[in-house]
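Two complexes, one shared chain (subunit A), two partners (subunit B, subunit C).
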Partner chain A sequence: MPRASLPWAAMARMTGRRALLAVPVLLAVTFGVFAVAAASPFDPVRAYAGDAGLTASQANLDQLRHNLGVDQPLIGRWWHWLTAALTGDLGDSATLRAPVTQVIGERLGWSVLLCALAFLLAVAVGTALGVAAARRRGGLLDRAVTSLAYTLEAAPPFWLGLLAVWLFALKLGVLPAGGLTDTGTDLATPGQIARHVALPALVLAVSQLPWFVLYVRQGVGDALEEDPVRGARARGLRERTVLLHHALRSGLLPVLTLIGSRVPELITGALLVETVFSWPGIAAATVEAATAVDFPLLAALTVLATAAVLAGNLLSDLLYGLADPRVGFDG
Partner chain B sequence: MADSHTSTRQEATAAPGPGTAPGTGAALAPGVTWHRRPGTGHRRRTRTVRVWVSAGLVAAVVLAVLVVPLLVPLDNQSVDLARKLQAPSLSHPFGTDEVGRDLLLRCVYGLRVSLLVGVVAALVAVGLGTAVGALAGALGGWADRAVMRLVDLFSSVPHLLLGIFIVAMFRPGVWPVILSVALTHWLSTARIVRAEVLSLRSRPHIDAAISGGASRWRVAVRHLLPGVLPQAGLAAVLMVPHAIWHESALSFLGLGLPAHEASLGIMVNAARGSLLAGAWWPTLFPGLFLIVPTLALAGLAGAWRERINPRRRSELML
Partner chain C sequence: MTARFPRGAAAVTLAAGLALSATACSTPDDGKSATGRTDSAVVGIAYEPETLSPLLGYGKDGNSKIFDGLLTHDAGMHLRPALATALPKVTDGGRTYTFDLRRGVTFSDGKPFSADDVVFTYSTILDSKTNNASKAELDALRNVEKKDDHTVVFHLKYPYAPFAERAVLPIAPQHIAGKQDINHGSFTTKPIGTGPYVLTRWSKGEKLTFKANPHYWGGAPKVKNFTMAIIKDDDIRATRLRSGDLDGAILPPELAATFKGDKHRTTVTATTFDYRNVTLPTGNPVTGAKAVRRALDLAVDREAMVKGILNGAGKPAYGPVPTDSPWFAKGTERPHDLKKAERILDDAGWKKGPDGIRTKGHQRASFTLWYLSGDKLRQEHALAFASDAKKAGIEAKVESGTWEAIEPRMAKDAVLAGGGSPADPDFDQYLLLHSSLAGDGFNNMSRYADKTVDAKLTEARRTDDQATRKAAYDAVQRRLVENPAYTFLTHVDHVYVVADRWKNLTTQTEPHDHGLASGPWWNVEDWQPAT
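On to the complex of A and B.
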């Protein structure tokens, strides 16, 4: 589809507007995180002191409480964290013994790699299966694909991951069961990474697959019953041309524009898959932080995930405006 | 679900589509014969079969988790290391776990825990969503806008992450898990109920009741509630699989139920050692026990949805 030029100015305005709207949302989320922590029985002083807290004197604990700023009211602590965060200081992670910013910097890339691979795989396979199913709705292939999709949708990703470990790593021995590199070496060569990312990416892709299959099937199936397709058939075009050029194009567009809104599901899947495969990404760190009640890390990662979701929504709306000019960029 | 708050109204006014009864379409376009009209012939039969299979499975699951614990207490499940990790056989259809307990019995007990937590959490979530949605729809104005902004706010944090955060802060126990599921799952119900209330408010029979002098309370109880209840009930049934899924994910991550409340997620987590030793059955069967009730409930809820929202046929039962 040749297009003279993209409406950059309108898209930039929309991006700017959304960025402004994201500020109150992120502020509210950070405040919510602090409010939940304040309402919970969790005591940061005892968490910080660990076993030493059991024997420490009350005076020492009070001193620690003051040093950590926990004796301040909720608003004060939140404001303190927020102003520090704006200067790039998100606090220190107790479990990983490093500044939160460093933890995120080291791990974010691995998560993005895993998620991007899984997403591409899910889009490719999901489109193929969805089109195949939509060609004859109600047919044998359609029923098989749809049943499989519903079953996979119901299957927990961690369970699929464990079964994949059993099959590919233990029974067939073709792929490693987890981690980023082979045991005994810390050298992350591209070949090693490719071998180690294959299984988690596959499982994450399978966990995202049902949505794509069912939506592509619905979109293409509906498009096949619309006038342009009927017209194309009446003109005597080949079935292949009708399916791939007429039905797929109009059926796939709404799906592609919704891709950005899949970020929450992708994060949910990554939380489980990274944990199963000990993938050194940010989602696995989230689970570790939650297990150890590592509040600074957990708070930062929750905000980061929210920002990712908002960015995904923006991407979705931008694509939608591009795909359907009637919608525009006013949202 | 992005457009769910508008879809109800569209359903009321939408032109006849593929879901309408045979005959109406032909009357609109004489001479056009429609091939493959969905909802007729063998497709309707397969749907009926699916509903009965789903209903049968749900009944079997409920019966199993209610009756089996009465007949076979878990206490006879003594630890017997001589029988540990036996593959499925006639005496142990699902095999035995790492300390020699029968996995079939453990799965039934695990399903009982998962279902109980799932149902309670789904009821809390739907109750919360119904209350918030009805309030927003009935009050309108700034209250409605504030509530909808709150819904948007909650939906911009990924469910499982928010759930993990909440359980991490309030752990351990059963109630933090239920709270975590409820606080992350009330949004869709609130949207649906709000849309339903808004659409009902603009119907003539409500206007008639108000101009006839009915009190606010009477309008709410006699006219709004009966319209909203089927939607809320459907949301509750649809929510149970979600809640079970959420609970099992939290439990698998070691953040959910305490270890002695052996839900299916905890069983899958506990089986990781056995899996690495090559025993697949302690992992496979608890997972299947999670999938089957989910599919059965989704099948039932899908049929119910077709009854009350005929236009929104089929898509994405989960």
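On to the complex of A and C.
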């Protein structure tokens, strides 16, 4: 492939356009979150009060409702949150009794660690299996890998998580069932964290794996049947050279460009996996924020997730534009 | 990209996999290092506090580990001085409580404890801007006054006999909590107190870890490291106890029974005030009919429930007061008497129809009974109640839902409820039975109104004469036989399994909410090694 200098200006213009477009999207999404949360049957005051709410007086509960600001109309609450957020004040999480910035700050790193490990593992294993399957389509390995991939694709991540806990933690006893460190200790040493991240990262990777396997298999398989590859074979090049220099390069490009679009699936997967493994990340906090109707935390986390998805899409489109100049950067 | 890509990639993947499993195997004994040691304990509990700030309600019933109250409860639930040097002097007809404070006590950051902290704690809780859901428990309190650095005076709005029981509420440091946002400041998750333990870490949803406070005024605890693992699922908690990950845990009776033959663990059973009852809303024409209420009270087979549902770990409940409490009115036990129940219904005009369900006029003796979904104990109680009621010709249609689904229906539908507070009969009975609290939040869910009960409840909370109080609560319990407010079913024991490395483990009489404060670790600061 010719290696011209990258079209920086066009890429910057596209990024700028997307950033502008993100503003109305984020506004709509946050308003949507407020509206859905307000319409949900969950009561933020009950969630806040916990067990104490069952013996609290009605006057006490009404006072709490007022203090938490949830007796305000929906639009007013959203506007209040928005204007404060624009000045950098994301508000306080009612359920976790702490500022939202602190909650996110404490948890984001653990989520990024988990997702990055899982993603790398899924890409590496997915590519390896996909290429192996594509080499002899219809062969024993191909059929085994493909059917396994379809089975895993259908398996919900929380089910995989529970299965992994049962097998590795309860039956074999080799890996801890959850948490960031062992129950009896507090020190978050690298060894402790490696032991505890292994199972959730493995499960999250396995839940993301099928897509990569199937896409790589398809891409590489198709490339193997294209003219350049047949030509290379006809010229008598070694099979390995054909596979790596010709088939893999053209077969993997569409996969690479689509990696960014996997972000939503990764976030959804992390949501379930973190909950199953009591991993102290962002996703676990999202579940808590949603069931407790914790408006400020929920809104901030939604913005974060939306931004991640938009950034993933942008990355995809940029890579795709680079890989295939016919597409360009005007999208 | 090198020519060896696939093999290289496979090798990298394999290596990564090996590295992961290698780290996984390198320290397999980490979690079990505590086993065998008596200076560290890890216990599994089912409940996690919403906050660790006493100002927002944490530890209001005592045993908060991190904090001390002015007073505390001993194993027999008698009040003992803690941050106060003695029980309060009560003057002005029960309206003024004076406490002398202990000298030389410091918070775990080294700063001294004084009367200012007491005044700060109570006035902050009473402040309407403070998001404390248990504020109503201090309803009697008008204000707290500092007389000097070591004396505080509580002024009440009205004489309130059990007020001293509220003084177990933990005292927060003004010099830290007073400088922060009370509702969201860091003090709510990183508390500092005068108590026997210092919080080292709170990993939400996972565990709380404590280390002993070496300067504790009551003497440094023998158990130096204490961890409370939050494990909501009963089976997982039992598994982790069995694997040695936990030294102790609360378990349902049937799971606790599987540890019976274990030579290294003992079972500790706590008696409680924790009742399960069925609300009988007066707004429903069936449950509101006195004959139906009286018949249900006799038709339920409480002994069978204790045996069948609780595996014997509990007692029949005839009212909020358990039969082994000194507050119980002897003679108010009711035997299971289906015949008498049917006679009461017949006499009141509820005639059995062809399907076995009674009717009176056009009213069918049928109502809906809700239980909290996912709560197995309540489900079993609800089903047993419905089956007993059916034998008397009353249909209870059992349905499950979350509180969100149940709450709007509480005025008309029955609910399998629970509650109970051992410190003073006023704490649960007033909320449960007084007509002024009918339908107020989750208080008096039956919307019960009975003049005798109202008068006796008020009389009992206004006098501190023990004999008068006992007589008043006896009268309430006897009145509940004639005009039942709820159908009380059982008092549920709480069962704990603990490694036998410590001697003479005890429990207090426990309330319905068995959080951090309950269990044999209510006084972990006093635990002594067994050998």
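The criterion applied here is as follows: the second predicted complex is superposed on the first by the 288 of 331 C-alpha atoms of A that agree within 3 Å, B and C clash if a C-alpha of one lies under 4 Å from a C-alpha of the other, contacts with A are read in each partner's own complex, and residues count from 1 in each chain.
Heads up, the rule we're going with is that a contact is a pair of C-beta atoms (placed from the backbone, for glycine too) under 8 Å apart; a residue touches a chain by one contact, two chains touch by 3 or more.
Because the structure is a prediction, the values reported are computed rather than measured.
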item	value
Which superposed partner A:P41 touches (first subunit B, second subunit C, both, neither)	both
A:V33 touches, of subunit B and subunit C: first, second, both or neither?	first
Touched subunit A residues, subunit B compared with subunit C	C
Contacts of A:L163 with subunit B and subunit C, given as first, second, both or neither	first
First, second, both or neither for A:L180, with subunit B first and subunit C second	second
Contacts of A:R240 with subunit B and subunit C, given as first, second, both or neither	second
Partner chain in contact with A:L61 - subunit B first, subunit C second, else both or neither	second
Partner chain in contact with A:G191 - subunit B first, subunit C second, else both or neither	second
Shared contact residues on subunit A - subunit B and subunit C	41-42, 170, 177
Residues on subunit B engaged by subunit A in the complex (per definition of touch)	2, 18, 36, 38, 42-43, 152-153, 155-162, 164-171, 241, 245, 248-249, 252-255, 265, 268, 271-272, 275-276, 278, 280, 283-284, 286-287, 290-291, 294-295, 298, 314-318
Of subunit C, residues touching subunit A in the complex	1, 3, 5-6, 9-10, 12-13, 16, 20-21, 23-28, 30-34, 40, 42, 47, 50-51, 53, 56-57, 128-129, 131-136, 139, 181, 183-184, 186, 188-189, 200-201, 203-207, 209, 225, 227, 229, 236, 239-240, 243, 245-246, 402-405, 407, 419, 431, 437, 440-443, 513, 515
Residue numbers on subunit A that touch subunit B, as the complex places them	25, 28-29, 32-33, 36-37, 40-42, 137-138, 150-151, 153-156, 158-159, 162-163, 165-166, 170, 177, 211, 214, 218, 225, 258, 261, 263-265, 267-268, 271-272, 275, 286-287, 289-291, 293, 298, 301-302, 305-306, 309-310, 313
Footprint of subunit C on subunit A - complex, ascending	41-43, 46, 48-61, 63-64, 67-68, 92-93, 95-99, 102, 121, 124-125, 127-128, 131-132, 170, 173-186, 191-192, 194-195, 198, 201-202, 240-241, 243-245, 248-249, 278, 280, 284, 288
